[in-house]
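The two complexes that follow have chain A in common; it is paired with chain B in the first and with chain C in the second.
Our next item is the complex of A and B:
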């Protein structure tokens, strides 16, 4: 007899539910941690993970993957790509690591929630590999940037960002805390793995990997595409949970979890991936626009998965598709304008050639966003840089924790969506953000946004300098224009030739 | 704008939080330390309403544990295991175990076992996958509740190791079922786990340990009490019994699994030693050990006596481990 085939014995590894005797089932799987939603244990035992892997297969595959990623890093280290890379690309890496590394670590806790509390035995086993994967992703995305700490203090933020009160860190924590570590096992499987990982990590990891390869950053490209191979496996934990919820009459509840997670993920990615893909990445390295990536990965592929699963498109889908032309441009403008408040150097990305590209990808850009950048360019050319930077803080959304943005210029539509709850007035950047709050006000009602803290006197002195101290940003870390304003040359020449 | 700023911070050779140390950090320290940002603000661990259920859970069962230490992030895994090295280590171990499975299979090992031993395997070995699964659950709980990432990492790898033991058992169960289709393998394990007196002690111990929600009590109950008891009875003692019954394969397998168990005990011991630096923690840990040991001893008694073996060997090995923690 030869070695047994996996399918001959795999089911035994997940036939592990038993009837507890010395404690009750409710004690062993508390509702607040398990989220069984009244669906009987037998139904959860029908959970069938589409991607099956065993322990020996896992350690072999992962050893090989790591061997690949680490040897690319070692081989290319002397090449010192970072030192000759476009500063916009360096900003991409610094922003990415800060926003992602410790979020990956939080996902160990979320996977651990499923590994301990899922009533579905298959989910519990897959989540063990999920815990391991997220452990890997955090470690890789700390080890790689660590090699650059000697280059600039901003690289320290790969580790530091989530420990800080920087507004971008608050926004990232607000999203990841909400859909991962503070949810029950079933909600984690839906919000983190199905809604977020199936769609959005493809965006950040495959989209960025494509651009990285074009930009010549093969270390980063191989790193994040290796990570994505794990994501695409453990992201499949949510599908079987959804199936069980829908079969047991909980479609509405499942849909609400999916809708909230997708919207919240979208908002965070509009400030993270949007500026990176459409503004920071050097023009010649851009494979697709952010909107094109979103249309491919979220709208086309993910929408189909939703429908295949028996769910509906989120109720805000039209608004979401409309916002693909808008939100991230506003976020980018905001990040660049408030550049001292971030740990990376935002690239403006608005040279005449880049504006042509933007106009082609987003018709009407010059009439709207372009008008704002015209003013910035004029001020810089006229020696008034102080008019291109902040004196105070913007109004932020009580859900996304991000600035409330809309289309400026000829398409002006900026709006504060307000909601009063138990005597407190909340501000939201959109109708879906307000809807997320209304779904479960108890989750959010006493949270203080950065602006709430500012107004409550928690940030002293109550000015931009005080805010920077509060955010943990010191000179050497605070952001400035990635290209040191060299991109203005093209405009100077224009002015000169006109004169 | 930066020209207005005085004295920019200079780049460092490592993370700022490690920069104060005299020596260069190891790869382990670079990728493993201070990663739980949600311990920074104990009153409100998450960027949400401070009173959501999960905040209360973490405040009560992590932050307000009777076991207190000023800086849990000081903990270091004595073996400095990281993800990359874990897979190298365990891929090697799995290659060994799989080669055992294949070599013994080629020799017709299962066909040569005697009938009495076959019925013992059904009673005392293959139901163990449920027990190993409880260790998997308990380790995953410690991982998500531990107050330092360096502790979470050890518990994460321990979770995977527990799944490893379960996986070995599942594989062997199928082989035995193939060799003895009418013996009840791959069919009767749940019933035996739930009803056979040999398992009820461990079942009670683990069901109760799995609802010890305080993170440190869970660590004591599982890592210091239940795991050593399980390992000494179900791996060491049963492995010896297997060898006495010409089941060399099982003896070698449990020996291989003990390598994991020994590693778990090493990090657990270091964590206890660190906690003991704080006055008062000795009594807390000893109190929990006193609370859980009677259940563990009863479990060893039930398993070993049903097996027809003297339980004192396993009990004294467990005691030796407790003594090594220098609590008294």
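Our next item is the complex of A and C:
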């Protein structure tokens, strides 16, 4: 039987905007779910997805990708790479799975919202595939770590993290709830797919895949590369939405959605990818610094895409570029210092050799971040480990839900961007974080940060032990130094040779 | 006397921290309670210097003997703790 070429029938079959007979258009596409923004249906019908795929093509390709990823896993399982991998790399995987696996499942619902409620038929069609993509990503990233639960309970946090009140889980939920679970279809296409997936999944999935291959972890490299090929397809849903908004006089609104999502995504990745790329990955396996990767893959890409589309660079762009030298160092130091509160074992990543690398990549590191680490190293060398752990909580931002950090030491510039709204004092880690809140206070005002919950008496007893119980961290899951402080040997040798 | 939460933005440290103080505490006592969570943990001590408390937003340095309840602070307000000569 002769088959028509895809281009001869694709447009016709996915043009599914029939005229509703039994309900009104408003009932079929409620504004709060569809987000049509008063733009007529004919305009949404011009949505032209840049990546066209049919169901048979999709299924064939996905089957091949799945067999590839699962075969690599099966073939390398006997090799027991995890047992001989650098502990910093193991922490990378455990942190990654906990932070990402169930967020993928949340993304299924976001794609589902577009698949049902987008007024653009092309968006609905792509989102059906996107929905299946995200389901696959969730399944893969639950199945792969599950094989390692026999090694440590921390691996179980791939499934557990999002069901807990761990601070990192609260931060991740806050972001993903904002851009995926509580927005209309158009906003989801812009905030989740354009702002988050186009840029930031590159960071976690391409940057990390490169380091994984260098570290010898071919299972993980093949898994996340396989996922990224889906992301790069369905991330293209936001572009055509933006085009329609801009053509119909909604540029300002589109810009605000992009600006808020890019900033919020950046903050989340500053605590996830930043420490992994610059501190956890063994020195010899690092392909690029976090900042280099950000500049090449995120900054340059967004600048080009935003301008091509007729949008502007976000108003905070200069601050964003400046923060590439700062924020993730603070997040890393915070995670390491408050290490009992995370489900992975943070690698310090500050041997003398690693500090040389940090100084080269971030000139001035030793004079700023290095000063804090000097005190920590002295305490560990002098038998005062109790001074290297927390006795109180850091202030967390009411937008990112992450600690409010800045540059320490001789570059000290830490600042709390406070804002009083309806009698409540809110705290923010930056001007853009505060701006996100001010854009839509009704959306955010009732959220309780971890500190708000602590002060409201929700964490009992009101100490570290109570906090760990509140966060769901059980014995065997509580984080400690990834290398069991063996990295101090290099400092001991320095002290010995000086004496 | 009542517990009063403030946030400590300690000079040379990298993070702001929650510190419970008392409404009867003087600013010197506030500085001391904040120092406990920063000095010798991530901040080198600075012998010969004294610690002063500064309003984070308007930059006014509080008198050393001023009590927390006299300072017009809002609960959870952030305070800068600075090493100074006097």
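Please note the rule applied: the second predicted complex is superposed on the first by the 497 of 499 C-alpha atoms of A that agree within 3 Å, B and C clash if a C-alpha of one lies under 4 Å from a C-alpha of the other, contacts with A are read in each partner's own complex, and residues count from 1 in each chain.
The working rule: a residue touches a chain if its C-beta (ideal position, glycine included) is under 8 Å from a C-beta of that chain, and two chains touch if they have at least 3 such contacts.
Since the model is a prediction, treat every value here as computed from it, not as a measurement.
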#### Entry: Combined model on chain A: chain C and chain B, fit or clash
fit
### Message
With both complexes superposed on chain A, which partner does A:456 reach: first (chain B), second (chain C), both or neither?
### Response
neither
### Task
Could you look at A:477 and tell me whether it touches chain B, chain C, both or neither (first, second, both, neither)?
first
### Query
Given the touch rule stated above, what does A:27 touch, chain B (first), chain C (second), both, or neither?
first
### Message
According to the stated criteria, A:391 is in contact with first (chain B), second (chain C), both, or neither; which is it?
### Response
second
### Query
More chain A residues touched by chain B or by chain C?
B
### Included angle at chain A between vectors to chain C and chain B, based on C-alpha centres and rounded to the nearest 10 degrees
140
### Query
So, A:499: does it touch chain B (first), chain C (second), both, or neither?
neither
### Query
What is the contact status of A:109 with respect to chain B (first) and chain C (second): first, second, both, or neither?
first
#### Entry: First (chain B), second (chain C), both or neither touched by A:153
first
### Query
In whole Å, what is the nearest CA distance you get between chain B and chain C after the fit?
15
#### Entry: Doubly contacted residues of chain A, that is, touched by chain B and again by chain C
none
### Message
List the residues on chain B that touch chain A in their complex, please.
### Response
1-2, 5-17, 27, 30-32, 34-38, 40, 46-55, 57, 82-84, 86-88, 90-91, 94, 97-98, 101-102, 105-106, 129-130, 133, 136-138, 140-141, 143-144, 149, 152-153, 156, 159-160, 163-164, 166-167, 170-171, 173-175, 178, 186, 190, 193-194, 203-204, 207-208, 210-211
## Note on the structure
Touching chain A in the complex, chain C uses residues 5, 7, 9, 11-19, 36-37, 40-44, 56-57, 74-78
### Task
Mind listing the chain A positions that touch chain B in their complex?
1-4, 8-10, 12-13, 15-16, 18-23, 27-28, 32-33, 54-56, 59-60, 62-63, 66, 70, 102, 105-106, 108-109, 112-113, 115-116, 121, 124-125, 127-129, 131-132, 135-136, 138-139, 142-143, 146, 149-153, 155-156, 159-160, 162-163, 170, 173-174, 177-178, 181-183, 339-340, 385, 389, 401, 442-447, 474-478, 480
### Interfacial residue positions of chain A with respect to chain C in the complex
329-330, 333-334, 337, 369, 371-372, 374-376, 379, 387-388, 391-395, 403-410, 412, 414-416, 418, 420, 425, 427, 451, 454-455
